[in-house]
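Heads up, the next two complexes both have chain A, just with different partners, chain B and then chain C.
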Partner chain A sequence: MEPADELLDDEAALELPTEPMRLNMGPSHPAMHGTVRMVLDLDGEKILNLDLQPGYLHRGFEKSCERGTWSQVFPYADRLNYVSPMLNNVGWSLAVEKLLEIEVPERCQYYRVILGELSRIADHFTCNGASAMELGAFTPFLWLLKVRDWIWDLLEKETGARMTHSFGRIGGMAAPPTDTLEDDLKALLPEVHRVVKEAEIMLIRNRIFLDRMQGVGVLTKENALAYGCTGPVARGSGVAYDVRKDHPYMVYDRFDFEVPIGQDGDNWDRFMVRFEEIRQSVRIIEQAMEQMPKDGPVNVDDPRIVFPEKDDVYTTIEATIAHFKLVMEGLRTPKGEVYSFTEGGNGELGFYIVSDGSGTPYRVRVRPPCWYNLSACREMLMGDMIADIIPTFGSINMIGGECDR
Partner chain B sequence: MSQSVVDRLQEQFGERVLESSDAFGDHELVIADGDWFEVATFLKEDASLAMDHFTDLTAIDHPERGDARFDVILMVRSSSSGARIRIRTRLSEGKELGTLTAVWPAANWAEREAWDMFGIAFSGHPDLRRILLYDEFVGHPLRKDYPIDRAQPLVPYRDTDEIDKLPPFGIEEGQPFARIDWEARLSGRDAQVSPAIGLQQGQRRTLSDSEAAQQLQARLAAKKAAADSAPAEGAEEGTGD
Partner chain C sequence: MPKFKLDGREISFEAGETVIQAAWRAGIEIPHYCWHPGLSIAANCRMCLVHVTSGRQMAMPQLEFDESKGEYVPSTKPKLQPACQLAAAEDMEVSSTNEEVKAAQSSVQEFLLLNHPVDCPICDQAGECKLQDYYYEHQGTLKRKLTEPVHKPKGVRFGPTIVYDAERCIMCTRCIRVSDEVAKDHVLDMRERGNRNEIVLAPGRELDHKYTLMTEHVCPVGALTSSDFRFKARVWFLKSGTGVCTGCATGCNTHVDYDPRYGKVYRLRPRDNAEVNQFWMCDDGMMTYTRHDQDRLEAPTRGRGAERAPIGDAEAITSAAELLSNVEASKLGIVLSGQHTTEDNLALAKLATALGAGHVYLAALGGWDGDDILRSDDNNPNRAGALAASGSEALKSTAELVADVQTGTVQGVLALGWATTERLEELTPLVSLESVVSLTSHVGALPAVAALTIPVADIFELEGSFVNRQGIAQSFTPVLDAPLGVEPAWKAIAAIGKAMGHDLGFDSVAALREALSNQVEAAQ
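Our next item is the complex of A and B:
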């Protein structure tokens, strides 16, 4: 065989072809938890350009809301972020209550806080567990999901459903807290602490995990703001913005908790912010449990807004008619437009609602935190390697139901 | 939401702020569509406002209003002061609004969604494609005159010029054993799909059938013939090694 250099006439032949390769990733990719398509232009393994194409889970949430009554939005809201549906339920309740200019009783506010924070813990467990699993650490994933399952058991006991509770109501909740709530929480919360610690022991000194997470998918503070990022993604980049702290709603101003922020804006910071938030959520639940009134009403006392007791509906004509009117016509809201926002699992979950004074929303716009967090994904990944997509996309925690609506 | 932002904008733009309101505690200003980009840039660049955190951009359709049927809404927040403001403009059908992508990159996707859902075009937008729906979708579904139960036809096979792809499952695509001649298999003639049968069925050719392999076989055969014709020489070479 002749030597290789004899074949080369000039220097140019030494260079490898540098034409970028186009690669389609998704919409259904085994390593991405979320149905999104990425069209990548690659130079070797380096990402030269990235086109994110969401929309595969679009089912017309906003259009569907314009058809039913205000109360009929709850099941749709559940399915926005199906990992923490209670936070969406509470967000929607608060939006309509802002329009009605009412405030629910204190007991209900604490109850909403407790259930909402439990949902947030479940949400962060899912995200961090899946992030670890996608990088090969299967054990912490199972540990975290085991506790998530206990949280869902508790929520099932309270609401009757594990995931899509549809438990929120305008002007209250579907049912008062059960008698066993406090005991169940006292049993559950130490377990949450224990498992977070165990998962951290497994992960935060693991060289492989560190290499995949640290310095990868960096989002600067300026970009996080300009791209509209909120929640753990923004806080990982050093934006100290938490709706619960900056614009306290319900009773969040009465709790002592901290907002963890990252420094570098990489996957590692987002990952650690979520773990720290789980601890803060536990703190909030513990304080809420102490402060919650043991008895008292859960719903506002207004028959134009709240459904009557089921026993009364079956036995009295007044309650039957009230129930009929609320179901068939829906509750009447004043004419106007409000924007109400809460801290969802992934950031600022906003509902912009327009009422024309009838029992049906004129327009419902949901500001999904995932949508803006995902739009910053291109900024995070440009110039990184193709393998970095997996942890970065995981740390954004894109939830298709919420992003694509 | 913050009153100081309203005051600052009224001071700066004077008569060009058409209306202001604070219903339900949300401060809002109405401006003309021509001032859209200028006001947005001022919100971001002005040192006392510094509205650097993009919140949302969306639209509302009011077809009964006739001329200016769309309300376009921008919500921004300042990360330093925590103040929030909502800016609204009224827009007629077919009229374009200046893009805010250069001010807040988040407006890129928000405007694409407004285009997708309402058909509001943004002039100067770098990439105004549909985002949640697909290119073949007809109409803009969040307009009030779009019926909620309208069914759109299925899109058949999509021909894309840039993507050089064969029609689904062309001869050269996929694994050879995935092309099964079911007729042959069911009649018992084809218990196992061998490469030879695969070739008969027009499947992808394996390496053994390729031109290079044929040339290699021819070279080997020639070498073998040469060795056979001169056995003594070959034996000497063998011992030398």
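Our next item is the complex of A and C:
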């Protein structure tokens, strides 16, 4: 390095040449949940360019599906969006059921709605809680995750697992609703309402929080559409698209609920859309509880699709054979292709599946909502400050398991 | 050819053919248990019921419940006919998938499973069982009968090769018919009726003819199991390759079922070939796979008796070349083998020509009891191929080799294969020679008297062909990997030739085959 006094002699040297600083953020960075890498070009703290590089959590989900039977995809599906695994389970069930051209009994459809919406609530609580925490608000984070834990307690009671339930089945669910489900929900849902309200009290009049969220990470409606964004990200930008409303599946057309949308497409709108969706999900669950048949079958009545009862498997040859065939060869689907899509935690979760008529998927393609939402992330952040990456990236709720597959 | 329509698809048939047979030839399977293309028609399983929708409909009277009257009233339903017994007729229209047929298939299947034991987990047939396949395809309902199933004898020894389980049996009578019609031995029959039905042996007899394993092969369920395969492997772990039986000159086509995890062959199954073996194989042929693992030679050895010691692969080739070079070409005896492929034999015959060897012999087994069904008297799979490879009408036997050695006409031997008619004692004169080289997959009398043995690939491990007694050349491809360092004989022969300064002019099985066809054409 030149001595300082030498430089000072030269007038021209005072006009320091500046060039953008290149900074790697992630893939191993506390704010880059789901291991994403961002290569930033910075002018001071301003983001000049942003190169998003996902793929660090690629496990070969789609290829793995081609190895097992149709039913063996459920554990993989759990690990797509692991924050709301039940929605993935239901999505996969519906895709294969579409291929099989069967419909599960109504009781099962309501049950799937209830468990799925609970998952959605947990998903939104996690996202909003984490967003707040990353801006230094640790209390709301714990406040919200407390509810997620209650939901997980309930899901554990229903499914036996807190997170990766693998509870969906083709043609039904692994088990019927427990007797205590209704009481548990009646106790839980008012608490959900209360906690959302409390969290809002903590956050929505907090000046620091508002400044970090409002007007930051703006995604216009046009861009949201252009990038194929769905879910809370698109709705935050004013795109009123919700698969449950626009292409109702299962029994969603029987419920009275609103699709909240934002106006500015900033972090704040996405944040508030999620809170409002929690309230709407609670409404849906309440109506579903009301309408769900109290008894009746949950699974379709066909041992060639649904595993027969273990008692029967051990004592009758028909069930033994059905079990054997389902385990060894997998349930057989007709030859063909289907695209089936549902409203996942982050938007339209689609499964495009191709069957060659055997017991194993020929090809499975997932449309992960995160992938499209993440693509729009660059658009949101260009020109913003480096610190804005944190709440913006948080509000996309990118889930590596789903995005990278 | 006349045609009829099955489920809307036109199928041509020959006069006298049944619907199921014509469909089977067209590659369409109408579900069936008792029908077998190679056996007579029994029409007792009722699984192949079809609905003839053209012409005057056959109707069957039945009672139907009339809800408005609250009582049963007479009505009719279409009368279905067994496709295995129904002769195809011009412009006939047959449905094997309409609602009536589906209902019948489901009912028949349910009936067959009525008293079936819960044996899948311990049954060798599981995974290739027609009851399982048809349950999934055509039934798909759970048990309605709540009473105890009928119990019958289990694990009945029918003979040295077959064990019978009457509870699993669906009484299709295929095993009876295969004994009657293929083996020409009426050793099995059926007794009692209804759910007491069971297959029994003729009094004082055992199931011991030469085609007993075919009864197991045709059994569509797990009622007959082979003592050899019983509880040895799970069929869904097995993969299947194609082969040709090494048992005799008939050359029955086989499926070679092996477990890729262990590289082990578990059984052979006959592979349909109308020209050669139709659908069948004999017991001895089915069991030839057991030779593969037994008494294999896996490393080259040098020396005789107590001095015999393993040597390296490369050393074996140079050592063989050295031993053979020590012998005057006119006094060198080359021994082809009726157990080896035509390609192996051709390679050796080419080496004999290149060296100018004076004497060519053929080593072969001495024959077994043939019959006029499948078994040839000659239990060498490729005598004809070896002869074709040598280019001569007849070859001298190994007995003549021994005589030639004793008279001193032959002073060095290069022999292929382990199989000879002569036993070890009869071959002892060869021990007096210094230069006896044996190329062999297994140990045997001929390798035992050799001064140098070189292991070569066995039938399951190489690509090649056999010429059977009808003069049909049947090729096969490798099913398993040969032990490390072990090559097919033709490669070892080429290497020995090269070490002795002769390029034999082939580097692949394809090149050998081309050479053979040129040789045969030139001879004509």
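Things to note:
Operating definition for what follows: the second predicted complex is superposed on the first by the 388 of 405 C-alpha atoms of A that agree within 3 Å, B and C clash if a C-alpha of one lies under 4 Å from a C-alpha of the other, contacts with A are read in each partner's own complex, and residues count from 1 in each chain.
As a convention for this text, a residue touches a chain if its C-beta (ideal position, glycine included) is under 8 Å from a C-beta of that chain, and two chains touch if they have at least 3 such contacts.
Predicted model only: the values in this text are computed from it and were never measured.
The partner of chain A that touches more of its residues, comparing chain B with chain C, is B. Contacts of A:R332 after superposition: chain C is touched, whereas chain B is not reached.
Looking at the shared chain after the overlay, A:P54 reaches chain B, while chain C stays out of its contact range.
Applying the stated contact rule after C-alpha superposition, one finds that A:L99 touches chain B and leaves chain C untouched.
In the superposition on chain A, contact of A:T316 is made with chain C only, not with chain B. By the document's definition of touching, of the two partners only chain C reaches A:F324; chain B does not. Shared contact residues of chain A, touching chain B in one structure and chain C in the other, are absent. Within the complex, the chain B residues that touch chain A are 23-24, 26, 52-56, 58, 60-61, 73, 75, 79, 82, 86, 104-106, 108-110, 117, 130-134, 141-142, 146, 148, 163. Within the complex, the chain A residues that touch chain B are 22, 53-55, 58, 60, 62-64, 66-67, 98-99, 101, 222-223, 225-228, 239, 241, 246-247, 336-339, 348, 350, 352, 354, 362-363, 365, 367, 371-372, 375-376, 379, 404-405. Across the complex, chain C meets chain A through its residues 110, 113, 116-121, 126-127, 131-132, 135-136, 139-143, 236.
Put simply, chain A touches chain C in their complex at residues 302-304, 308, 312, 314-322, 324-325, 328, 332.
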